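A, B, C and D label the chains in the order they appear, each numbered from 1.
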């Protein structure tokens, strides 16, 4: 993966974009491995593209390539864009509270090679999952949070993370982050909500689902914004339940869905497959 | 199916219920074909049972059997119960507006023998689907509805249905029924809501789903109560969608889910597989 | 859709393909609406592309565009390719025997606008489904087949179809077509096999599935080749079953899956979304 | 769960079975918590029943209850039956080779309380997963196997297991067990086969699936019999794949399905939810 790059682009749709990008990459000696594109509307919509390519000596050539792409292509189409190097694995902080299923899943997938990223730290407002992190050899940071100390706790978290971490995964972290904190990690905090949003926003969604007598329960992975449970949805899935399931059964089944949905969303994020468009996502899965 | 009966029971859970029912059926010469039971809580909850049985000469013996069951079993456990004869096919009225997919599905399943019921009338506030009903040889009744004429329209519908129909299926019927009308058909009106309730209550759920950027869309079949979109859920299902789907795509995919979900709910209803418990259902599928 | 075109391409993968195609379309005044590509292996594999584009006055300009594309792009990369005009709806013949569920589904989807194609004829070795075809206003041709008359029957079918039909859908047609017949409709005959291939090849797959005690049953839509049940798979799906299902239940559930899977495959085919690669398909769904 | 019992029954179907069992349990002071039954055919078929009940002081009363049930009910209907005490958790041996995903899943579910059983030993023909077992505090036994030493290895395994273990889980164990070994653990060895049986029996199913171009891949959990890959299926599931998936992707996706399917089958087994009927299973899930 040493010479593998990913070009991520968003701009107003207009004729000639693909020709310009493809021409640039070809002339630069890049070999396109895979490419996905999407237009919200070919006339006046937004165009999104993700291109996987190989280029000899890419890490050394990347700065020059970026300069040239800016000048020859990006400026012309007023693109938001970035070049991501596969060789530079994303570094993740995982925030947890008391439940370990999402954490275990991410740690296991990371070790097995299914999740290509570094998990650099586990942060928790409880000590309960410290042994889990340590069993897998990942540093654990205990940052208690109370309503009174939240600002101080977030200051400490920022110190721990800034410059060391590329994205934060809220793996059943039961504290609400402040608007200021979230603003510093825009489109880089992924949360798992234990319901099929927007069906059961707020607290105790499995209890809510049980009370309403639904026949499917689900989970939703989304980017965190300042609006609770309202950020862009990355992935959702459901499982069938029936009248025999009590709330504990729903929670047990829910844990399985949460694990799968969060791990999928995190994998897509670290592989640069998720582009945000307003309050939605384009996922080139 | 001439001698097939179904015993449907709900009562406070307590020891000895199954023994009493099984003993009664055995002594009456019934052969239990299948039996399902559910208790919301074995201590203080509600007990539900559905038993399929065969008994020689059942249609003639049914009145006597009902009397005996009341006296020897039902009174003792304060049961709500009924005996349903498979030979007496349920008669359905299907209410539609302009969209035909749910109607076509029900008509086709009825003709193919997958839905064991009689479709006795199609009622619509438009004339658009009259040819569909006629093509399948089902009487069509045009009952226009405006806010001013709703009471009169419902009076006419009651005339058409009472004594002739056992249940009403709202197969994309876009009018709201009055509380009075609904009260007369308690647990006998099935609606298909074109969303995964309670995610997108109200109008234009596919537009709502598109705006929210969900990754799954669904449909919900439920009994109609006086509370709009709040009745007991019978069945739900979902289908995966992605960023490439516009609202029209969601509607197209949604039509497929609606057809399947509604047909499943109607089949369960006519086979006496759905027992209502407060605002939930027990479905012995 | 008057000016909508689709360019379908397959060639040995090599640098510069996308740049050449995108450049050609841009210079020709085409606006790319959507584009999908796939490479079986960027080094030495096969490259596939499907591009949806809009071009003013396309139907009139198509012949010239084809000539230019051949000379300026296709020859250089030794492409297999074709230009398909959305305005030229594909014409389908549907072959059936006695079961109507797949036929009904295709007729309904065609009428509802979900399947954008013309169904020009229904061909059957029985008269049983003649009323279905006629109810929808589609010509019905009865072509009886016995082992002795197969050659004659196929000759008659070829007469009926050649020049009038673009693809044949075997919608539960229970006769085997000869190698000669199949050779004339390469990659243009779609069959629905009532099992999850290759699990239960051959006859009576639902009986086979029941005997084996599987927990899921499925259906497979595939292109027909001279090797029975072995052609390139276009789509598959499954449904959960359990010990309570007898063979008749499996058939009933199977009919639902068959309808959905076949309709999906036919839709993808008529929208030029399926490219064949050896014994596999690339589906740009 | 101290006083929770499960009665598992199979016998020729005939009138009066349920009445006899329910009457016996009622007179013994048992409170039925849940009950499932199934008849392969009410006339001449086999009847299966699983009843969950509570009885004061059950562990002490169990021997007497078993004697009475035999005399008063089981003999009369020639039942195969057993009483299982929930308080007596089943003891599992997990056999593994080199891949850890199924092992990790079972260990995690056991610790989280989703799998109510004791994992008493991990047995492997390799040393590779020793650290995994030890990290979770489970004894690890290395039993190398070569064609020459298989008999000796199985002798050693029998020593390790007999009297200490109730069931064996083959969690991606890549050795074939001898007929003699299997005969000693009839309906008590669960294997996960990495395909949707019977689609791809034998070796390298993901390679086979890739070669055939299937659109879904699956996994199958089954009881092991002397016929390789032919034992009664307990559970199956599938996941959608497409042309972009290479064999490694299929394996990665397959690992997720294998984990889920095996864990579900093991949970059902330890909760006495699986009854074997010839080469099929009745699963009261």
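Operating definition for what follows: a contact is a pair of C-beta atoms (placed from the backbone, for glycine too) under 8 Å apart; a residue touches a chain by one contact, two chains touch by 3 or more.
Just so it is clear, the structure is predicted and the values come from calculations on it, not from any experiment.
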On the document's contact criterion, could you list the chains that touch subunit A and likewise touch subunit B? C, D
Target subunit C, source subunit A, minimum contact steps: 1
Using C-alpha centres only, name the chain that sits farthest from subunit B. A
Which of the two pairs, B-C or C-D, is linked by more C-beta contacts? C-D
Distance between the centres, which are taken as Cα means, of subunit C and subunit B, whole angstrom: 37
On a C-alpha centroid basis, what's the spacing between subunit C and subunit D, in Å? 42
Among all residues of subunit A, those touching at least two other chains are 34, 38, 244
Where on subunit C does subunit B make contact in their complex? 34, 100-101, 104, 108, 112, 114, 135, 244, 252, 255-256, 260
Quick one: which bits of subunit A touch subunit C in the complex? Just the residue numbers, please. 15-16, 18-19, 22-23, 25-26, 29-39, 42-43, 54
In the complex, go through subunit B and note every residue touching subunit A. 38, 196-200, 212-216, 218, 232-238, 242-244, 277, 279-283, 285
